[in-house]
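Multiple structures follow.
In what follows, chain A forms one complex with chain B and a second complex with chain C.
Then we have the complex of A and B:
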């Protein structure tokens, strides 16, 4: 697994937190963190958006949240359209914010893909991420969401 | 010396012009002086030649008046006229000789004066022609002249009588005078005119010389000014060029460069990278030492003060003290642009700047050697890790393979339990703290097992994790952010575990053991007595040695290895903790034991016995200092676990039970074996899990005994 530290991971979590704070004046709170293994919760919620990194780090950062949380977010934003598509867009915007923070922290040499958003079933993340990826469970209002960090520091040549 | 020569060479044109000016001045002054001297001579000559004209008239007049007074018989007047004639003749004659031959004559003021011989042909001719007349004229006058020129009354009477008796003498002289008077006058006039002409010529020469001198001085001055201005312009240009080059060097060079004066102030110019390297705002002329003090460790700063003083003094040679430089690879705390404090490594090099054989400054070069230092640390760390791995490997090679496999499995299970505990999300701080304590117990268990097997690598990592988690446990704001750190530590654990599993797997292959996970032979999984006794004895001796103590371990554990495997493993874990506890807190150092008249070598016994009806006891006993409630009260108050009132309110039994609470420790300084308040709470938890209970007996300065009683029947 990569030799990343909690400061690196916090960059992604802070991005989510700042996103919520800018829109709702309420930061998200880290509830706990663990490694994604077979015998722990999968951390997958209804909608997941992810970005793919290459450069200094390689891998993916996922943001997964329940319908209810994103719907509430759109409500706070004054959005009338709260269709599934719009919810996926909202998840993508959050992933975009993660992308911006990552570029700021790791430098322009880091290549970051555009977000991919999709609806996800309960065990989806366990089927796509590397073993022992970092799961950070966050809370906004009474909702839970997850940021999953599945990246490795690229080998220096 | 070289500097002097180079300065002379640099200004050679100006120096040459100045020397030329001085020489020319000396020549002009010399010529002037000579001309002035000659002008004085000319003035005397002109003056005396003019006087000769007057004397020629005076002589004729004196002759005429003598004749007149004699004719009237005026004797007194005749004597006066004769005296006048004598004086005029003598003065004329000596002066004329002076003009011809040069010599001392009577001047216009009656004082002797040197008269130079006439030099020009015209003057010589005038003098010679005068002599042609004067020689004869003087012969005619001779009878009328006094012999000694004293002009006493008797002599004057004698002269009067001579004139009365020889009137022809007077008449002849008078006749000659009347005939040649004008000629003499003319010759003396010619002499005067010529002398004036010579004087004028000399004055004219002097003017020319003076004008030439002034002209030369002006040319010389103009030359000096032109050369000086040209040199100044050239010098300014070179200086500007030099400054530009210096500025470019200082702007480009990656090292911090500056001059340090004797007052330890930074020079007016320094490289632009200096503030970046020091991460400080550096002003020209600022004191260097406060900047150094702010970033360097105290001890290094103090050594640097002495070192810089030594270099600024001239008592020691620079080459001899270079190796004493304390400012190489110095770890400094700097603040980066984001406001985060970070450690960087800087090296400062000092070179004396010598001017006129005196130390004027120190040239200081500062390099950021962080990359090099970090690399060196990584190399050192890698070396240590490799060494630890080799040592671990050697220990593993000597260990019981099945024990190792079980250890790998146990650690894996513990890590999974830690991860599972982390995945529980709780709102309440108390719950989060409970989870942290649970994780700490699991980590402590891994540490204990690793210690028994001598797997330093894992034991050391577990110890580092423990230290970090203790800090978290004491943090009132412990929350999700810290959990993130715990999970990163857990990932590190997984990596250690994975490496170890690979090593054990390879070792198994090397030993020809079939170590497959599918192995179903239950007998092979059974804990075995001898390896455990060896490990626990080795562990006890290592901990004793680490604490400067000596111990003899005795084990009666046959019964323990006849119990169900799960129970045996729990007892093994409990043994590790109680042995650690006995060595860290119970058994005293030899000097203390000696003071209590106890054998220097402490005794530690582990015993497992059957109590009948499926009940058993497991006892760990040491002959150390015992548990003394009063000492515990004092320690707990000192360490802030409770107030004096709270400690006083507790009974002896109650105070002793506090030892089993998480976070409570009696160790003076925490180390790998004690002091973190994890251990006895782990033991108690295991005892509870086994459905047993624990008895503690102790006597001050005699012994402590932990006895666990449990049942193996359902």
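Then we have the complex of A and C:
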């Protein structure tokens, strides 16, 4: 296994920024850090979705956001149905889009799963990720969300 | 024009339907929506759509395999892949199987309408 580096993380930063800009036409504020090593506030919000990697990579990419942010995003997208189920679906679609867009840099050997989405309690992410996971903290309007990148390159055979 | 939407996200299915079935797009008739490739093949066989929007990463059967099967059934069908997988290899694979266009997620309303018009203009 080999760790990804800070240059690789910029790919995810770009994907997150692009997602929000494309959907809202607004720029987001972004900060990156190590989730467990730096003094990071809780990166876990009400709803979290993750993509599991296989092929040339292992690990997961998480997107976590509060109900209120996802509800506002659905409103911006013109979506009438803003049920909990649809909010989970939105979190999954964001995780999927960010992960899929990253393949432009990492290539098709980064195989991605369909998203798994769930409600989550404070600090959940810190209990499931590996020590050197990166967190991308996103601020859109007054809402905060996070993308946690916990991935490694698999050994080449 | 008869449309089938294939995507495992209800949000995306709903969004594509809203954009393409808007009053301004007066020629588009939504035949159905499928959550995966298997459901899509059933609807495709029953309703014979002229245009399909196709996600790639889906449970049961992915969009590349689904595209191949649809083209076997109806080689004239217009399949527009709408996917977040932004590596060139995936786009080429889908086009090789018979898709006629590729639109990357995230997309704006205008992006989708432009891709639709490019695909369906004579």
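Throughout what follows, the second predicted complex is superposed on the first by the 146 of 157 C-alpha atoms of A that agree within 3 Å, B and C clash if a C-alpha of one lies under 4 Å from a C-alpha of the other, contacts with A are read in each partner's own complex, and residues count from 1 in each chain.
Convention: contacts are C-beta pairs under 8 Å (C-beta built on N, C-alpha and C of every residue); 3 or more make two chains touch, one makes a residue touch a chain.
Just so it is clear, the model here is predicted, and its values are computed rather than measured.
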item: First (chain B), second (chain C), both or neither touched by A:31; value: first
item: Chain B versus chain C as contact partner of A:79, first or second or both or neither; value: second
item: Partner chain(s) touched by A:23 [first = chain B, second = chain C, both, neither]; value: second
item: Touching partner for A:96 - first (chain B), second (chain C), both, neither; value: second
item: Partner chain(s) touched by A:40 [first = chain B, second = chain C, both, neither]; value: first
item: Which superposed partner A:144 touches (first chain B, second chain C, both, neither); value: first
item: Touching both chain B and chain C, residues of chain A; value: none
item: Chain A residues within the chain B interface of the complex; value: 1, 4-6, 9-10, 13, 29-35, 37, 39-41, 132, 134-138, 144
item: Footprint of chain C on chain A - complex, ascending; value: 18-19, 22-23, 74, 77-79, 81, 85-86, 89-90, 92-93, 96-101, 103-104, 106-108, 112-114
item: Complex contact set, residues of chain C against chain A; value: 8-12, 14-15, 18, 57-59, 83-87, 89-90, 104-108
item: Chain B to chain A touching residues, read off their complex; value: 416, 419-420, 422-426, 479-481, 483-488, 490-491, 494-495
